[in-house]
Amino acid sequence: MSAEYTSDEMMTVAAARQLRDGTACFVGIGLPSTAANLARATHAPNLVLIYESGCLGAKPDRLPLSIGDGILADTADAVVSVPEVFNYWLQPGRIDVGFLGAAQLDRYGNINTTVIGGDYADPKVRLPGAGGAPEIAASCGEVVVVVRQSLRTFIDRVDFVTSVGYGRGPGDRERLGLRGGGPRVVITDLGVLEPDPKTCELTLTRLHPGVTVEQARAATGWDLAVAADLAAVDPPTEHELTVLRALEATKKVAAR
Amino acid sequence: MAKLVSLAEGVADLVRDGDVVALEGFTHLIPFAAGHEIIRQGRQDLTLVRMTPDVIYDQLIGMGCARRLVFSWGGNPGVGSLHRFRDAVQNSWPVPLELEEHSHAGMANRFVAGASGLPFAVLRGYTGTDLPRHTGNIKTITCPFTGEVLTAVPALRPDVTVVHAQRADRAGNVQMWGITGVQKEAVLAAHRSLVTVEEIVDELEPVPGQVVLPSWAVTAVAEVPAGAHPSYAQGYSVRDNDFYVRWDAVSRDRDTFREWMEQHVLKAEVQA
Amino acid sequence: MAKLVSLAEGVADLVRDGDVVALEGFTHLIPFAAGHEIIRQGRQDLTLVRMTPDVIYDQLIGMGCARRLVFSWGGNPGVGSLHRFRDAVQNSWPVPLELEEHSHAGMANRFVAGASGLPFAVLRGYTGTDLPRHTGNIKTITCPFTGEVLTAVPALRPDVTVVHAQRADRAGNVQMWGITGVQKEAVLAAHRSLVTVEEIVDELEPVPGQVVLPSWAVTAVAEVPAGAHPSYAQGYSVRDNDFYVRWDAVSRDRDTFREWMEQHVLKAEVQA
Amino acid sequence: MSAEYTSDEMMTVAAARQLRDGTACFVGIGLPSTAANLARATHAPNLVLIYESGCLGAKPDRLPLSIGDGILADTADAVVSVPEVFNYWLQPGRIDVGFLGAAQLDRYGNINTTVIGGDYADPKVRLPGAGGAPEIAASCGEVVVVVRQSLRTFIDRVDFVTSVGYGRGPGDRERLGLRGGGPRVVITDLGVLEPDPKTCELTLTRLHPGVTVEQARAATGWDLAVAADLAAVDPPTEHELTVLRALEATKKVAAR
C-alpha cells in the first residue's frame, strides 16, 4: 500500500523514474531539478546532473533554489564557464537527456516559454524567454518534459516556438538538422504522453492512479490520441515519497 | 592597469547615458550595488545586455533607465516572473522597452566573439524556433568545408561591462570563483569595465576554480562589500532567498515598487 | 564512464593502425610513456596530430609509425630542431612523411571546433603567409553581418587523443593543473581518449588552476607514474632538461637513434 | 666606462631596451625571452610577459628553459588554455608588443621559420615551423624582432613567408587586413634597423659600438639603406650586464 500523495508528487516521481542511472542529464530549474535530484537519491545514484550555470556532475544534498545555487558549484565534479557548458558539453551531443518544463506545449511536443497571446511585440503575457531550452531541445540525446496538464498549457499550436519538439510532424527534426532525438516522453500530473512512432503526435500512453481518460482529454487542447494498450503508472512507493518530501523540506530550510 | 575607484566615481566615469551596458552574473555575483548606483546617478536610454536579467534589471527597467534589453532569459530565479519587465513590455511603463531576444547559447557565443575580436560566432542554435523571425541578427552561415548550414550571431561589444567579484589586489588584478558564468567574456568583450569586489587584499591567494582578470584587462575596480546582495559571493555570503520571494510582491504594484526604490536605493547612503 | 586499464591494454584497445592520433601536451605533461607503448606495439600508418610535436613525435616518426603529421611547430623545445622529423621530411627516412602545417592559433581553434561539435572554426589567422599555398584546408569565410573576410579551418576530430595528467580518482575522473595547453579540447574533440596519470587516488582534492575531465568524457585511464618523463608533471616531477639536450646528439644519427630506442624503449619492461 | 661584453650581450641589452614598462609583451622563447626578462629585471619591472603556453603575467626569477617551463605557470597572474591565449588575448589586439626571432628575414621584415632552400615539399632545411608567430606578427600592436645578422639570415626575399612584416611594401598590411602595426624595430648583433616610414624597407638606423656600416652591409643580402642620421647604440651599462649574466647563470643552474 502506498501512502497518500498529491498529483504533483505523482508527477515528480513519474518524471524521476524516466532517468536512467549513469546517464548525463541537462537539468532545468523547478520541477525538472526536483525530479532529477529525486532520481539521484533513489534509483539513479550515478546520474550526472548538468546545470546551465556551468556545474557538471553536481551532487547537491538539498534541492537547489536556483540554477546558480552555491550548492551546485560546491558539489560539482567541475565548474566551467557558461560558454563552455553550451559549446563543449551540450552542442556536441554529449548529454543523454534534456529535462525541460514548459508554459505551453503542443501536440508535437513544441515548447513555448516566451510569450502568450497577442503577438510577439504586444503579448498578453510576457514569459521569461528561451534560456538554454532551444539548444537543450535540439542537442540532447532525448528530451523529457515535465508540465502540469491543462487547457492553458496543452494547446493545439503554441503561440511561439521557443524549443522545437517534432515541429509540424514526421521528418521535421531531420530536415532542420537537429541532431538530438527530441521529446521521448511528457510527464504531467495526469499521466504520461509519448510521441506516436509514425505521426510524432503526443499520445496518452499511461494514466496516474485514479485519473480517467476523460479527465486527460478535458485538460488537452487538441483531440488527444490514446494508446490502445493504455497502462497505469505505479503509484509512488513509500521510499520515493519519503525521499521526495525530505528533499522538498531541505528547500524550505535553505530558503530561510 | 585598472584604477582603484569608489563605486560612485566608477559609475560616473564609465557608465554614460545611451550606453550599451552589460551587468553580468549568473545567479551568483550579481552586481546589485553597481546597478543601484546607476539608478541613483539617473542614467537613461541604456541598452541593457545580459543573459539572465533578474531583479537588478527589473529595478533598472522599472526606474526608466533602459530603452532596450538584449537578453535570453528574464526572470526572478527560483521564484517566477519579473513584474517591472513585464509591465514595460506589456504596457510601456514607465517607458517603452525594446527587446532583442536570444537563447543562452547564442548570447554566450556573442560574448565569446566580442572577447575574441571576431565580428561573429558560429553555433548550432535557434533552428526551427520562432526567435529568428523576431530577432533580426540571427543568420545562417555555410561551412566552407562540409557545406553544412549553421547559425551565426554577431559579436556583442558592450560600451561597458560591470561585474562583481570576490577580491582584487591593490594592483587591480581581479579574482572570482564559484559559478563565474560569462563574466570573463563580458569584461573582455567590452570597451570599458568596472569590477566591484567584496574586498581589496594585499595578495590574491590562488583558489580552486578561480578566474583571474589581470589588471591591464580591467578599467576600474571598486571595493563594495556585500555588493552582490541579495545575490551572493561564494566564500563571503549566502544568497538572500527571502529577498527574491519578497521582490515578487514588492514589484507587482507600481507604487509599492517606487516607494521601495525610494527608500532602499535612492535615499541609500552613497559611498564616497 | 572511463575504464581503468593498464597502459598496454589501453594502447592495444584504443590506438589502431591507420588512426589519426593526437598525443597532446605543451612542454608540460607530454605523454611519453604512452608514445613508447605505441612504438612497442608496432603501430603503423598513423596520422600524428599535435600543435608542438617534440621528442616523442621524433621517436614515433623515426621508428616509422607515422605516415602523416598535422602540426604547427615541430622542434626540441629550448634546444633546437628534431633530427628524425627533419630526416623524414628531407630524406623520407625511414618512410615518407606527409605534412599538413598550420599555425598554433589555427590548430588550437581546430581542436576547439572538434570539441564543440562544429565542422569549422573562424579566426584571424594565416593572412598573407605562405601557409595557405601549401595547406589545403585553410579557407576564407565572410562575416554575414559586416562582410569582413576571415579565415576558416576545419574541425580536428582525432580517432584517439592521448594525454598525461597528474591524477584520476577510482571512478576515472581526471585532474590536471599547471600549463594544460589544449589537452581538454583534444580529449573532447576525439572519438576515443586515453589518459595516463601519475597516480590514481581515492578523492581528487581541488587544486587552483585545475582542469577536470569528468569520467564520462574519457574512454580509459591508466596509472603510469612518471609517464611524462623527460617532460614533467607539475607537483610531481621537474623537467629533465638534460635529456632534451642529450636527445639532440642521440637523434642526429640514424644508427645511434635506433640503438637508443632498442635499449630504452623496445626492450623496456612493459607494465602488465 | 662599460665592461667588456659580447655582441650577443649587446644585442640582448639593446632588445631589452625596446620594451617599455607597463606594456604587455608576447614573448617567443630563446633570445626574445632572455631580453624580455632582462627588461623586467632592469627598467621595466611592470612589463607583462605573455607566453603562448597560456601564462599571462609570468614573473620568473630565472630564465625559463622552454615556453612551457613550470616557473612560468608558478609565477603567472593567470594560466589559461592555449586556445584562450590566442583567442581572448592575442587576436583582439590586447598585446602591445610581439617579440619574435627569425631564421630568415627580408627587407620588408617578413619572417621565415618554416623551410630553407629547395621547395616546400622538398626543402634543403626543414625548420620547426610557424608556432604562434603568424598571428603574433599580425595582431600585436607592434613587433620587435631579435636576430643575428648575416647573409644567411638577412636575405632579399625569404624562402617562405611564415609571418608577415610589411609584405611587399607600403599598404600591404592594410590590404591584408592585419590589425597590428608590424615590425617597429629589428635588433641584431650589429645594430638596429627600422622600417622607412615611406617605403617600409628596413633601414639601418643605429650601430652597436665598434661596428661599421660596411660590416652591416656585408651581413645583409640586399642593398642596405642607411639612415642619414645614423646613430650609435649606447653600450651595455654595468648594471645591464650584471643582471643579464646573472639571468644566464640561472639558466645553467636550472638545466642541471
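A, B, C and D label the chains in the order they appear, each numbered from 1.
Criterion: a residue touches a chain if its C-beta (ideal position, glycine included) is under 8 Å from a C-beta of that chain, and two chains touch if they have at least 3 such contacts.
All of these numbers come straight from a predicted model, not from anything done at the bench.
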item	value
More contacts between chains, A-C or A-B	A-B
Rounded Å distance, chain C centre to chain D centre (Cα mean)	28
Distance between chain centroids, defined by C-alpha means - chain A, chain C (Å)	40
Centre-of-Cα separation between chain D and chain A, whole angstrom	57
Multi-partner residues of chain C (each touching 2 or more other chains)	117-118, 123-124, 148, 184-185, 209
Where chain D touches two or more other chains, by residue	87, 91, 139
Category of the chain touch graph - line, ring, star, complete, other	other
Touching chain combinations (by label order)	A-B, A-C, B-C, B-D, C-D
Chain A-touching residues of chain C, taken from the complex the two chains share	1, 115-118, 173, 184-185, 188, 212-214, 216-217
Of all residues in chain A, those that touch chain B in their complex	29, 52-55, 65-70, 72-73, 79, 81-83, 86-87, 90-91, 114, 120-135, 138-139, 160-164, 167, 172-173, 176-179, 254-256
Chain A - residues contacting chain C, complex	22, 24, 46, 48, 56-57, 77-78, 87-88, 91-94, 139
List of chain C residues in touch with chain B within their complex	117-124, 137, 139-141, 143-146, 148, 150, 152, 154, 206-210
Residues of chain C defined as touching chain D within the complex	26-28, 51-52, 71-75, 77-78, 81-82, 85-86, 89-90, 101-105, 108-109, 111-112, 123-131, 133-134, 148-149, 178-182, 184-185, 209, 211, 232, 234, 238-239, 241-242, 245
